[in-house]
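Have a look at these structures, which come just after this line.
You will see two complexes here that share chain A, one where it goes with chain B and one where it goes with chain C.
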Partner chain A sequence: MIFAPLLLVALLLVLPHSEPWFHAWIPTLSHPLYARTSFLALTLSHLWLVALATFVAVAIGLTLGVLATRPTGRSLLPTVRAIAVIGQTFPPVAVLAIAVPLLGFGAAPTLLALTLYGVLPVLGQTVAGLDNVSPAALHAADGMGYGRWRRLWDVELPLAAGPIMAGVRLSAIVGVGTATIGSAVGATTLGSPIVEGLVGNNTAYVVQGALLVGALALSIDGLLGSVERRIRRNRR
Partner chain B sequence: MNPRALPVLVLAGIGLLCAIAFPFLYVTPNRLLSGEPHSPHVVALALSWVLLAGLGMLEVRGSRVAVALLAWALIAGLPLVAGMDARALLHATAASARVPLGAGFWLMWLAANLLLLDRLRGVRTSGRIVAWAGLFVALVAMSRAGAFESLALVREFHAQRGPFMDALLTHLSLAATTLVLALVIGAPLGWWAWRARRTDGAVVGVLAFLQTVPSLALFALLIGPFAWLARAWPALGALGFGGTGAAPAVFALVLYALLPVVRYTVAGLGAVPPDAREAARGLGMSRLQLLSRVQLPLGWPVLLAGLRIVAVQTIGLAAVATLIGAGGLGRFVFLGIGQGANDMVMLGTLAIIALALAVDLLFQAMLAFTERRS
Partner chain C sequence: MIEFDHVHKRFGEHVVIDDLSLRVEDGEFFVLVGPSGSGKSTLLRTVNRLVHIDAGNVRIDGVDVATQDVETLRRGIGYAIQSVGLFPHRTVGENVATVPHLLGWSKAEIDARVEELLILLKLDEPGIVDRYPDTLSGGQQQRVGVARALAARPRIVLMDEPFGALDPVTRESLQASLKAIQRDTATTILFVTHDMDEAFGLGHRVALMLDGKVAQVGTPLELIRQPVNERVREFVGGSRARLRELAVRLVRDSMRKGEIADGDAVDGGSSLQDALGAMLTQGRDRLPVHEDGHPAGTILLADLVASRE
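The block that comes next holds the complex of A and B.
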């Protein structure tokens, strides 16, 4: 899937010089090109928010998932599962909205919402992946005299890497979408041209933001998807 | 230590932390300004969490029931206490003052709910239903008696009752229309994909591709084409069909809902054992009879599980649709954010969450019912 990243790069190169085209399309607009922040800066800030939140979410989700599947933490597993299931019914917009009264406007509430929401898929998939490791593999590792942590590191996590990566991918994709909406609470992301365009009735801004964020989402999905496929293939 | 005590210890620890570190309530001079944190019961609340942890560690008969009862009392009691505090605090201030609930309240309430959920695990279904239904009845009765009238959330609800009910109805009708359309379009599509063995073909590929596009971008991109359609066919425009509003919103929501509907239809059809199909064919059933008498009854639970996911997802996504003028509960969220009215944001947000949870429960109940019958 090289198509989406190429599209993103092409858009980033072409859009800054596209004012005549948008002017020709909608002649009534006095400012047909979003100019408050450069498209490259918006893309990078969007990417940075998602990357940071996903990184923290993976760290938390993986740790909780591993702890809940160890013998001592096993009794926590139903509660962890319940949190993951109930949490998934909370819409991302709701999590974003709850973060605003706590942290005010700007990037902070978006980052908190992205992180909180991103933990759930990683946690769910880590638990599912570790739970599905075949008992035969565990017995073999025990038989070879592996300690508990070595067994986790050398056997369980590699075998569960596919589902975990699927969780990371889902977490990142939901993050890209939520960060777009985050511009409504003051974060500077690719959603900013969309929200400003919607408020100011400027269709050109909306199209510019939507094209870029669509290409960004597809690029990230394609990239993480190919990593996931590679992991699943190596497992066999 | 009893390993079953760990969830109690962890949740009671979180509760204790929230009781001490986060404010229980705020007092704000009016609905727009931010206010002072108030935590009137730190000691009592901290002691009850410590008591819960202690009860969880005890290995005597009945300690498990005691933890469940205490958690139950906290879930019912925390809102009651907050309501009484709010009344007392409002008594001493100006009429425009508001008492919103703080993070401490919400997190403790969540922890108590998770604790009860954990302790009721393994209890008979009837026992669990009695516990949760009793809680529901208790909270409704308190609300009827006016116990929560002084809380900012309830005041905001009373101030916005009319628009809120409209938004709730709009939200529900957006979600219901989407669900019906997605089922009407998606189920035949899934049936076709299953028959043609094309589950990774172009149709599913395009739907999966659309699933990745952020909702705000998809909603926004539809404004242009829909405005053009309304201009090209004025009859459509006369029906309220335009660049903004319900039409593009439902269109986008259906696009997002189609992939799970198609996938679960395929899975549901695949859940029918080939033997059952063979037997039905042997009995001389036509393809339609096979579908209606064998495949639908046997595959229905799987499809229902898919519809549950679609319904919850649609209710969440419909909150974004307000940005293209489709209305719904998202209006309260985004309008509230724009005005800096946190109570309004919370009202919209909690309503969306409650709606999603209610729909989720409804589908779970339907699933349990169909599974029991079959």
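The block that comes next holds the complex of A and C.
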């Protein structure tokens, strides 16, 4: 778990000084090191986009998931599930393409696509987690005088926290990937060197961006995964 | 005191409780017994309003439960169920403290009460208070379930087949614990079971429920000796009812005071069934009876056979 963040830090320290290596590898390139924006700035910008989008997505997904599992919201459950499933069949690039005419180029369409994508895993896992809470525990909670919202807060959400956290993790990981594509519509992310490298036939740029995105994705997966394991330890 | 007054409940077309009236006295261990589908669990749940009745009313100490705030009502009534329903994310201590916590007791009060209950329910393994439910045996889990039901010292406790899923040895041990606790605290217990032996072993009074009605209500001996009709006689056990009677009656009520016999003594508070078992084991037809460890009299095999007062 500690390996991926270390790798990310190491890359951020080493890559700015790696021009001689890339020059040795591909001598024909006149600029073998991406220099338009620093790698640290790209990483932070990428991370910020993903964090913001995941935060909003968790807020929306959790709220919808809770509402859809309340007695009064039960009738919405099939609709909510259907929307979630259909939503996930749209490729991220298509969402970006639709968002650009609406929001213009830059970070905004990327943020929209990331958020829409991020809602779905959180929503799905929230519904699944809440549906799987032991009926006996809920019956006992009712019998002992828990109110509806107190039961949700004290019993249901803690018991569903493992699956919900899995949804958050998935949402963040999908976000890291989608944000990369976001540079195609003008967002500043770790996808910028990749896109520029592909356009300008500069393999070194592509490799630099890809290494960092990979390390970032592994880091987030590892960190959120360890949070999830800690939560799941005593919640079955 | 719990009063059921002309209670009706139907699920769709099916009548589950049919114009049922019943009264459970303060400090009484009252058992609802009957086959599955007889409406006994449904009736139990009308008391804490987990089931809403269609007509009639249910009163606690004269107050209609339907007029009370439902959460306050439920927090004032202990509740234990067969599936236990412990909260898996909370420790044993936190589970037991559920209702006191909801009622806003101080931490010191809660800690003291939890410790007291763990001793009362024989959950005395060191460190058990901080363990999680999935590390406990089924019997221990149900002991925690019962402790949780008793935690806020409710005057009424509802128990829905709490020992139904336990093995016979564990069940007997829990029955003994519960019986002693009920006797010492004079809590009113309304207890549901389909096991006739359990009903007769625990209940001061027993209501046999059939098809949503009370077929007969009375002490275990009344049901055994004076079944009101053939169906009750059948449920009580037909000719085997007399064996059940031995389990219900106490040695001290049938012994001959002052007489002396050889053999290992039986306790005056044990059942005639225990005495018969001891006679069979020892190969004797008479045994000494002890009260508080001192000789008090003799019990004869003939006293068991002719034990109709």
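The rule is short, and it goes like this: the second predicted complex is superposed on the first by the 235 of 236 C-alpha atoms of A that agree within 3 Å, B and C clash if a C-alpha of one lies under 4 Å from a C-alpha of the other, contacts with A are read in each partner's own complex, and residues count from 1 in each chain.
Everything that follows uses one rule, which is that contacts are C-beta pairs under 8 Å (C-beta built on N, C-alpha and C of every residue); 3 or more make two chains touch, one makes a residue touch a chain.
In this text, all values refer to a predicted model and were calculated from it rather than measured experimentally.
Enquirer: Label the relationship between chain B and chain C on chain A in the superposed model as either fit or clash.
Expert: Fit: chain B and chain C sit side by side once superposed on chain A.
Enquirer: For A:V56 in the superposed arrangement: first (chain B), second (chain C), both or neither?
Expert: Neither partner.
Enquirer: Going by the contact rule set out at the top, does A:L157 touch chain B (first), chain C (second), both, or neither?
Expert: In the superposed model, A:L157 contacts neither chain B nor chain C.
Enquirer: For A:L29, decide between first (touching chain B), second (touching chain C), both and neither.
Expert: After superposing on A, A:L29 lies clear of both chain B and chain C.
Enquirer: Once chain A of both complexes is superposed, is A:L7 in touch with chain B (first), chain C (second), both, or neither?
Expert: So A:L7 meets neither chain B nor chain C here.
Enquirer: Go through the superposed model and pick first if A:R74 touches only chain B, second if only chain C, both, or neither.
Expert: In the superposition, A:R74 touches chain B alone.
Enquirer: Residues of chain A touched: more by chain B or chain C?
Expert: B
Enquirer: Would you sort A:L223 into first (chain B), second (chain C), both or neither based on which partner it touches?
Expert: The answer is neither, since A:L223 touches no partner chain.
Enquirer: Tell me the contact category for A:Y146 with respect to chain B and chain C: first, second, both or neither.
Expert: So A:Y146 only meets chain C here.
Enquirer: For A:P101, select first, second, both or neither according to whether it touches chain B, chain C, the two together, or no partner.
Expert: After superposing on A, A:P101 lies in contact with chain B but is clear of chain C.
Enquirer: Just to confirm the geometry: in the superposition, how small does the C-alpha gap between chain B and chain C get, in angstrom?
Expert: The answer is 18 Å, the least C-alpha separation in the overlay.
Enquirer: Under the contact definition given at the top, report the residues of chain A touching chain B in one complex and chain C in the other.
Expert: Touching chain B and chain C on chain A: no residues.
Enquirer: Help me check something: in the complex, which residues belonging to chain C touch chain A?
Expert: Its residues touching chain A are 48, 50, 70-76, 79, 81, 83-89, 98-99, 102, 132, 134, 145, 148, 158.
Enquirer: Where on chain A does chain B make contact in their complex?
Expert: So the residues of chain A in touch with chain B come to 72-76, 78-79, 82-83, 86, 88-94, 97-98, 100-102, 173, 176-177, 180-181, 184-185, 191, 194-195, 197-198, 203, 206-207, 209-210, 213-214, 217-218, 221.
Enquirer: Along chain B, where are the residues that touch chain A in the complex?
Expert: Touch list, chain B to chain A: 3-7, 10-11, 100, 103, 114, 117-118, 121, 209, 212-218, 220-221, 223-224, 312, 315-317, 319-320, 323-324, 330, 333-334, 336-337, 342, 345-346, 348-349, 352-353, 356-357, 360.
Enquirer: Using the touch definition up top, name the residues of chain A that touch chain C in the complex.
Expert: Touching chain C: residues 134-147, 150, 155, 158-159, 234-236 of chain A.
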